[in-house]
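The following pair of complexes shares a single chain, subunit A, combined with subunit B in the former and subunit C in the latter.
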Partner chain A sequence: MLKFAPALTIAILIGPVTAGIIGTLLPAFGYLPALGGREVSLEPFRALFATPGIATSIRLSIVNGLAAAVGAFSIVIAFTAAFEGTRTFALMQRLLSPLLSVPHAAAAFGLAFVIAPSGFVLRLLSPWATGFERPPDLLILNDPGGIAMTAGLIAKEAPFLFLMVLAALPQSQSRESRQVATTLGYRRVAGWLLTVFPRIYPQIRLPVFAVIAYSVSVVDVAMILGPTTPAPLAVRLTQWMSHPDLSLRFQASAGAIVQLGLAIAAIGLWIAGEQIVAFAGGRWIRAGRRTAADGLVSGLGAGAMALIVTGMALGGMAIGLWSFAGFWPFPDALPAKLSAANWAMALPRAADTIAITVGLGLASAFIAVALALACLENECRRDIAIEHRKLALLYLPLVVPQIAFLFGLQILLLLIGLDATVYGVAGAHLTFVLPYVFLALSDPWRAVDPRYARIATAIGARPSRVFWRIRLPLALRAVATASALGFAVSIAQYLPTVLIGAGRVETVTTEAVALASGGNRRLIAIHACLQMLLPFAGFLMAGAVANFAFRDRRALRIAS
Partner chain B sequence: MKSKSMSGERGALCFENVIIMRNGKPLIALDAAIEPGEVLTVMGPSGSGKSTLLNFAAGFLPPAFRAEGKVTIGDEEITRLPPHDRHMGLLFQDPLLFPHMSVEGNLLFAVPESVSGRKRRREHVEAALAEVELDGFGPRDPATLSGGQKARVALMRVLLAEPRALLLDEPFSKLDPELRAQVRRLVFDKARERGLATLLVTHDPADAESAGGVLLKTDGSVST
Partner chain C sequence: MQKTIAVALAAIALAVLPARADDPDVSNWQAILEDAKGETVYFHAWGGEPRINAYLGWVSDRLAAEFGVNLEHVKLDDTAHAVSRIVAEKAAGKDHGGKVDLVWINGENFAALKEAGLLFSPGWAEKLPNWKYVDVAGKPAVTTDFTVPTEGLESPWGMAKLVFSHDSARLKNPPKTLQGLLDYLQEHPGRFAYPQPPNFHGSTFLKQVLANSIDDPAKLQRPVDDATFGQDVAPLFAYLDKLHPKLWREGRAFPQSAADLRRMLADGEIDIAFTFNPSGTSAAIEAGELPETVRTFVLDGGTIGNAHFVAIPYNANAKAGALVTANFLLSPEAQARKQDPQNWGDPTVLNVEALPHKDRVLFEEIDLGIATLPPEDLGPVIPEPHASWMTRIEEEWIARYAAQ
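Here is the complex of A and B:
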């Protein structure tokens, strides 16, 4: 049984992606007999490029997506270079970690509630500073340049990249390297960039690619904060794909292939950038220049990080306030009245949605954790380590734009009758949950001293007993945390739920995004709240389970 | 195949023409017999492969290594058995008490399945604790024990499992000097009492001296 776990895991990671891309390619070239496409042609691409505003849509995807990735990456690197090892850094670590479990859509709503013309910031400043008695007629949200969308992406991706850097730091001898560089006369930022960064970067490269692919093809954040006339490519493709006119699926599939090309191009541009940076870095090292505009870099890094944290905190507050708000006219900073009436009205109707959301999350997290454990246990029993190249497979579903293979997957599931079912959606979630669960579990699992298992074996315990009685309990905290992470990832899924569920499987995330265009702020806030609360509850439970199990075990009490 | 009841038998621990190779190059060789109640000490610097010798006998040879020859107990070749059926008592530098179990849990985990009934298993554990003057320590969290107490629990955990021989991997090197002598004497006394053949690997000459038996150095010299 156990020895099939790696193959099954790899199949879950690769299968949907490759099958989905094939399922997208065929209709993209006009072939989909079920919808009457029997001839291979370039017609879908012709139709796609004849759509009004398509050039703008493409530009918004690649330019704003890349800008978001470059922005988030630069902020994180600048901040880390300037502050690693300081108290500010430790503080930021504590502030940013919880943000990781906030779904993209909830973060985008939070930002919208803060920066909108009738949002939190202008309410705080009006009328005394701005003179506004009514919301100004400004297109801050959904601006045609996509600035709000880019900002929303940066606010969500920077915490992710920051945590990836944190995970990479312990293996980089950063403190020693920094100290050596300092004694040689290098300033903090310059020393870090020249000695620590080159060792960190290879470890965060795949996560960076995932951020690029996500930003270039984002749908949920773009629907909430992005331009609408025209919208970025991925948003329009999703609309075509859900359109009652089935013939639009041909051009949607062609668009998905273009989207895939855009992601590849964006990552290609990034790789070209890597070469330039490596070349410049080499010259810098040989020149021995000791400074790197230290003051400017640390100022910008700290400022941007602080802005992200305050923005997200204010956003969370605004969401909470709106969900309880009674009458709340502009420019009042706070609602005239807070009551639970909104919740009392919305909750009974949302009960089914919540149940489905939780069910999908639990199912996909449970299967993902079981598979990851099976793979890791198999690795232990055979005394082999998964090679780095196989590890790259984990990132496959994260580096290929979702839209490029979900289209095809939807069509394939339609053929086998699993479309629009919770099973199909759970399977799609699993593909995205599995990589995160695996990544979260593998390091703590491998960190458990192998001698415990040897002692147990020498005592006469069979391999299964060693697993259930020794290895699993020792890794319980990591298992609980990985389960909570998997649950959170499932809850955040928008596109897989909408496309595979064909609009008939509703989660709090799809509901929240669907409400975005309606403008009922209280209802949006309630759903955004649910989006944040459910993952939070998951992490809380995970911690509680581990703390309870280890209540009398001092060595295992503190989170490892 | 020998029957299950036979596999618990003690006897001399013999290394017959054992050669361990790393990446095809010979690392360490041993051809020796250890009589019940006797100790053989293998002494050498770290990296000389002496721990690998223990890993081979216990069944944990890492994939980078290959071994020739066989290890037997009495007249059974244990190197053909899966690791969990070899019943080798293994002690490491660290006591490695399972941190998620109580002291009693650690010991109950070791009591053989053939001892059935909760009450009888408990009695075994209590007797073992009394034997090392740790009466009443059963419910304790291992993390709250002192270094010497942990070492004693670890020793009793190994002995409760009724091993056929002992494999000691520098088990005293992390203890304080005075404690070290005490624990060392305890371990060798218990091994002798139970008639266990013992293989000790160490880099500390005092360990070898206290063990008494034959001393082999990884550079090839022998003394008694």
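Here is the complex of A and C:
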């Protein structure tokens, strides 16, 4: 049984993406008979590059996407280096955990509610401090340079990377390393960067790639916070893909291929950066310098993390307030009247939606975790490591912009009669959930010390007993976290749900985005709340399960 | 390439033109009612407005009770998604049992589907029993969708007209001309905005400016003439060049929808907003989204108006049910409920004067709301330009203002 798991997993990862990519490549080169494209040509690419503002769109995608990834990564590493093992770190862990579960769209709404000229911060400060009776005419959201969008991405990606670091820390012997470094005279940040970071980084490298690919091709956050004159490439592709002028499909497909290239190029740039950092690190070690601007790094790391937590907390508050608000004019800091009327009206209608959302999330997370565990266990038992080339396959659904292969995928599912069903949507979700679950699980799993299993085998335990009694318990926290992550990823899916579900399978996310075009802040807030609460509940459960299982195993609990 | 595609689409159109054997015969209404019983109709309609969604919930209840039709509202954030879906089904050769049974549509989406021959047979709309109430003479837009003849391929559902709104507590006498708007913004920079084209409302604002500034408005009823296009739109862009530095955010960012615009009016970010629904403002006040001091007005010389429709895709699964739904949407009962700002506030396509007394009363009893102009004050209707104008000025707009 177990030996078929990798093949099945790879089929789930590759099948839809390959079919989808072919469905994208053909029209990208002019071939889509249903729309009259019968010959292969470069015309779609010519049309793409002749589009006004396309260079700006491409620049926004790659520069702001990379900036967001670098920003989020630096903040997390600086903070962890400066504070790991301290009370501040434990506090941040508690504060950030809820943020992990917030879907991107909800986080973007929250941030927009806070930083807009008519937003929460200026409402709190006006008119007593600012003198504003009306919202000032300031360009904060949707700025042409994409600063708000980049900030939104950082605020959302930093907690994700932080979670990945947390999941990797127990395997890194960080406390011992720090102690050794300290006795050798290294300051805290320098010691951590030189001894712990090299062991953490390989474990979080894949998630970092996912963050880069995501940030470069983001659609939902960019639509809410990003520039529109012009918008980043992925947003424009999405618009072309659903434009009534069907001939735009060709240049949209060509753009999707370019988008794929951008994601690859961004990761390539990052890898080049890795080389530079590794080289610099090597020199640093040989030079023996004991400090790393410790004060500055810890100040910046703590400041940035505090800003993220405060911003997101205010966003959550603003969302919560709006969901209960009556008429709430500027500059009132609080709504004149709070009532449950909005909720009472919305909840009964949302009951089915919530049930479907949870069902899809549980099903796709459960299947994904089971498959990932089967693959990893298979790898352990046969004592093979998945080749690097095969691992890259995992990235297909994360690196290829969703819009690019979903159109082709839609046609495929239509042919086998699975479109517009919850099964089709669950399958599509699985394609996106599986990589994240695999990414979240594989490194912690492989980092489980193999000597325990060898000892168990030596004293006569069968492979299945080793799995259930040794490896699974040792990796339980990672398994629980990965399940919750899979659940959250499923909830956040927008395009796959809309396209494969033909609009008939409604989740809280599709509802929220549909409502976003209506601009009713109360209903947006209610659905953003639902979007946040469901995954939050998932992570709470995961944490509770791990803490309960480890209640008398101190070394397996995260140091606090 | 545009041309090759047009030719190919025409070829597809020819291939699908012959009526299919399983298509229902609309003139035999009794048979349609029989067929429709027990059918589930998937109505793909924009879902961004809770009031409209609630109205469709009522329609669904009524259809189930009276005709045994189960109506499911598939909430779209953009009608183009439904168009994409129909095209994808066509591409996959799925000529029967399609997922879209009925779609809320007009303008370029309709033109695209009509041209590709992806709509259920011509003339069905005019054979509906309730068609006799439609005000074809008084509201020419119900048979001409953005200058494209509907040929009975879609059934009118409601009327729309560009109406401006202002908060009378801040601005007593709003400017009634575009020049007046410009003058007002010189004094109060940043207090007006329009949604970013190709957003439908933003494009409508452009069309309003175009209709007011072009040398010969009759040109707009014909497709764009490349030879004179530059000259025809020069006054439009000269106006926008003057307007943009005085716009909200100096025209460097734009609201993304009319609802965004409404929110900005409510927050006091802008002084003048607009909507395409004459009683939308009253409905928004009712819902606590706008202050009670907001009032509406129209520009001297009239504003753009059009109609919106429902259409049935060629491969719809529940055609009989879709027909029954379309007919019910045209009934005086459904139309009157829709016109009430408490429910939606969307103007009727029917000729109210010609209705039987008991139906006319339904309309006369409606309280149009505090901010709604009575029909006689809505001013003349400027018809929608040919769809090619919208496409061209949108492209031109994007190249000038959204591609720095």
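Basically, the second predicted complex is superposed on the first by the 390 of 560 C-alpha atoms of A that agree within 3 Å, B and C clash if a C-alpha of one lies under 4 Å from a C-alpha of the other, contacts with A are read in each partner's own complex, and residues count from 1 in each chain.
Everything below uses one rule, namely that a residue touches a chain if its C-beta (ideal position, glycine included) is under 8 Å from a C-beta of that chain, and two chains touch if they have at least 3 such contacts.
Predicted model only: the values in this text are computed from it and were never measured.
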Partner, of subunit C and subunit B, that touches more residues belonging to subunit A: C
Touched partner set for A:229, first subunit B, second subunit C, both or neither: second
First (subunit B), second (subunit C), both or neither touched by A:87: neither
Contacts of A:144 with subunit B and subunit C, given as first, second, both or neither: second
Which of subunit B and subunit C A:419 touches, first, second, both or neither: second
First (subunit B), second (subunit C), both or neither touched by A:454: first
Contacts of A:286 with subunit B and subunit C, given as first, second, both or neither: neither
Interface residues, subunit A side, partner subunit B - complex: 383-384, 449, 451-452, 454-463, 466, 469-470, 473-474, 476, 549-550, 552-556
Interface residues, subunit A side, partner subunit C - complex: 32-38, 43, 47, 51-54, 56, 117-118, 133-135, 137-139, 141-144, 227-230, 241-247, 250, 326-327, 329-330, 407, 410-411, 414-415, 419-420, 498-499, 502-504, 506, 510-511, 513-521, 523
Residues of subunit B touching subunit A in the complex: 58-60, 62-63, 83-90, 92, 94, 96, 98-100, 102, 109-110, 112, 141-144, 157-158, 161, 163, 167
Interfacial residue positions of subunit C with respect to subunit A in the complex: 1-2, 4-5, 7-9, 11-12, 42, 44, 46-50, 72, 74-85, 87-92, 94, 99-100, 108-109, 111-112, 116, 189-190, 196, 248-250, 252-254, 256-260, 262-264, 266-269, 288-289, 291, 391, 398-399, 401-404
